[in-house]
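Pasting the structures in now, so scroll down.
Paired with chain B in one complex and with chain C in the other, chain A is shared by the two complexes that follow.
Now for the complex of A and B:
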């Protein structure tokens, strides 16, 4: 394999593919590598940790077709460090030579046959608007669990809902439900469970106009411009989240998104560990936020708000609350509550395409 | 049978060293032949006879022995079999960790009357900083004598006390205050030995280098090659030579000790920051189910210690070492603290299930960290009842559907905490093996794992640290 290309073009491809490269110690050594495959003037750079695979296509000036698997981090560091301009790569036996200006590197490569063969979902292609999908994913993936011990909860449910697409995630402390009306890519009743890690990576890729989705039995591929991301699908049944959403609420708070967010971030300074809750005392004229940490002190802030319902105090994990409020893209948000121990709901005051259910913290 | 059992409790950062160390008055209180003395206390017919406490099995070691046994050359950490050869007429008893721990608490209560700055090192040793107490209670030497007589009168146990301006000197002084046992019989000790400021080097320099903390056989051999035999010789060795001989940090440390310098403060009430339990197996294990049972056993033991410390932990860590000594650690942090064995085990098992054990597991460990006072029921994260929301399972018993969120019943965490409390009370009355997870039930009863269970058995840790230094207090 031999090719020549602009450093920045190559670096961008390496960085994107590198996001899927296994970082965990104990993984197969070859998974720390990036697979470079040249065919004509097209280079494909691929990284995988067996769960998520990212392939990036880049236009280069090809010399000789071939394949090489080089240590991803080392290669990326080298390419980032060399002077801007042309880079020449040449693979030979078990080495990859990188030349740029006066710099010459030779790195040992992995046997290319060791690189795992990657699944290619063969399903029909479905097209989704990228910007809308990415925004929705950013709102929902935050509620997914990052703990591998409950694999189902590390996924985002993508399901057909009333002719549109619905995204759902929960880590059992909060639940996010986002509707993309009119995005009718799935057949009625169809749903897939996609690892949220893969979807978070997807939203970090350079934006393109459309995302093309291919669904296989066990895998799904998202193609966005020159990048394609393949992920295994999570097997299993997602909890019946509909049962968790209360049908009505006696108490409704309407508050400005920015003032609430700013206030929670300030009082959170006094939450010295991850379990210290922020208490919200709700009155008709406004709310008082309080954080108390015995050994450190107290923070309080009052925020103007409209409240209808019984005066009460409800407490939340401030990080979860911030996650929910941040996800809502409207000037005002609605916080509906039943009582201090039952699920509360955050949603935009206008529009009903996002729902963020949040379990309170029990305080004495 | 595990080849080795170890427990660790990591403690918090040290408070900053006192700026003026010369004025410090440190006491080291060391019980005389503590375990043996307790056995004699509870069975006075043993008094005056050679008595050996420790593992009585084939591969047991001596944890403690009476001075009468020491006359015959028996000492702690010696294989019990050897002790039997040296002193066949001695009484051999297996040791009762719980009883020693109980008396250790009483001893600490006495020490606490003299100063709050008490640092327990093990069941039978403690450091006290009485610098600030001198004005109120009297000179350090008087305090030392008062402690000795208080413990003798109230608990009928003997101790030796060293008084010095630094911790390691105080420890050496208490050693010098001890009774001695030789071929001529038992000689009473001085009880209290004081090293006054200015006398440190005169006391220290004639001692052999092995008496210093941190000088084991290997270090001693290296130093001897330099012609260093006494602490005085060591003090004369230039720092750079010392550092080149035994390594940099170690060399610097030894050089300071040889000059009587030891700034380490007395650390009272060391807060437990993590609790862990691990086991090395004699043969590499690949039996997944058996190892999962081991995890439950260790989680149960760890949880008991977390609860005894009055804490809950948020991070559970699994440690796996393979036959080739590669070691993996995996951890998971929960938003809410856990302190019951089932919860810790289920997290440890979930972490374990993601690990390939075909290489053979040499060591397995479970730890809990991010310890905090249990949210005084004041901060418990409610959870969505996803199990209820799950699709019905065949044969499932969860037919009920209540209000969303399910907050009417006590939360699962509260119910588990109540169950753990009940387990603790039962075990307190009827012993550790009286109640445990059914999975641990074997032909011989429940195989619970507990601090102080035959800690001097095969390949157990050295007696000084038997049962974990802080486990009893």
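Now for the complex of A and C:
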């Protein structure tokens, strides 16, 4: 294999494919590699950790077709370090030579036959608006669990809902529901559970106008411009989230998004561990935020707000609260509560396409 | 304390034979007569040592340390680079800060973590042989003495037993329950504590920090 291309073009392809390269110690050594496959003037760079596979196509000046699997991190570091301009790569036997200007590197490669056979995208192609999808995914993936002990909760439910697409994620402490009206990519009643890690990676890929989705029986492939991301689907039944959403609330707080975010971030400085909650005392003209820790001290801040309901104090995990407020794009947010121990709901004050349900923390 | 830096070889004869070839080492002779041989390698235990009771016989170019069990440590000295002696005086003992102090603070704030209904009367409650870490009252009003250790060992049980004996002399407190609290309690200490009627409670610092806080779930 031999080709020549611009450093920045190659670096972009390597960086994107490298996001799927296994980082776990103990994985197969070849999974730490990026597969470079040249056919004519098209280079395909592929990284995989067996759960997520990312392939990037780049236009190069091809010299000789072939395949090589090079250590992903090392190759990326080398290409990032060389001077801007043309880079020439030539693979021979178990070596890959990289030349750029006066720099010459020779790195050992993995046997290309050891690289896993890649899933072939299957299923009908469905098109989704990339910007809207990516924004929605960023809003819901934060609520998914990162603990492998409950695999169902590490996924995002993509379900057909009233002629549109609904995205749902929960880690049992919070629940995010986002509707994409008019995005009818799934048949009525159809739903799939996609690993949130794969969707988070998808949102980090270079933007393109549309995302093409291919749904197979056991995997899904998202194609965005020159990049395709394939992930296995999670098997199992997603929790019945609808029954978790209260039908109405007696207490409603309306507060500015930025002032609330800033205040929570400030008082959270005192919460040095994951167990310390932020207490929100709600009164008609505003809220008082308090973090109290045995080890470090106390932080308080008051924020102007409009509140209708019984005066009460409710405590939340500050990181989860920040996640929910960040997910809402409007200037003001609405926090609806039942009492200090029942789920509260964050929503944009205008629009109802996002719901972030958050369980309080019981404090004594 | 005598410190000698010397180029020497060391031979031990006793339960087994061991030889340290010639090298420059630190020889430490403590006030109790014990002798230890150190290399310049981390804060680590001696390469070889002889504890009390033992006898040091210094001969020209050679030290012989022996004990009543018939073990001998022979230090063959090629060259002495430094030989100093300094009176250190009585040692005040180890002042444990950090984990123990933090545990005491956390348990003082959340005594119910040790036993339901427990409330704090006083930290560092004085007795005539020293202060007990916490004095509490349980739900029934009985006095409870709590000794807090990073690691619960037999020494800690015996210390608490001595405090309980002294506290029981006070008619306002008698009978006093005892609780040994530690991050980990050794099985031997648990056996002794049970025999002395003392309760053992292992404490998770992380959980204790989050005491009074319960993460509720949606489902």
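The working rule: the second predicted complex is superposed on the first by the 364 of 364 C-alpha atoms of A that agree within 3 Å, B and C clash if a C-alpha of one lies under 4 Å from a C-alpha of the other, contacts with A are read in each partner's own complex, and residues count from 1 in each chain.
In this section, a contact is a pair of C-beta atoms (placed from the backbone, for glycine too) under 8 Å apart; a residue touches a chain by one contact, two chains touch by 3 or more.
Please read these numbers as outputs of a predicted model, since none were measured by experiment.
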item	value
Overlay on chain A: chain C relative to chain B, clash or fit	clash
Chain A residues touched by each partner, larger count belonging to chain B or chain C	B
First (chain B), second (chain C), both or neither touched by A:147	first
Partner chain in contact with A:200 - chain B first, chain C second, else both or neither	neither
Which superposed partner A:55 touches (first chain B, second chain C, both, neither)	neither
Partner chain(s) touched by A:239 [first = chain B, second = chain C, both, neither]	both
Touching partner for A:172 - first (chain B), second (chain C), both, neither	both
Stretch of chain B penetrating chain C in the combined three-chain arrangement, among 56-64, 218-226, 326-334 or 434-442	218-226
Footprint overlap on chain A, comparing chain B with chain C	170, 172-175, 239, 244, 273, 275-277, 315, 317, 341, 343, 357, 359-364
Touch list for chain A against partner chain B, complex	25-26, 147-150, 153, 170, 172-175, 237, 239-241, 243-246, 273-277, 315, 317, 338-339, 341-343, 357, 359-364
Residues of chain A touching chain C in the complex	170, 172-175, 239, 244, 273, 275-277, 293-295, 315, 317, 341, 343, 357, 359-364
Chain A partner contacts - residues on chain B that touch it in the complex	314, 326, 328, 332-333, 335-337, 346-347, 350-351, 354, 372, 375-386, 388-391, 401, 403-405, 407, 411
In the complex, chain C residues that touch chain A	102, 105-106, 109, 206, 209-210, 212-219
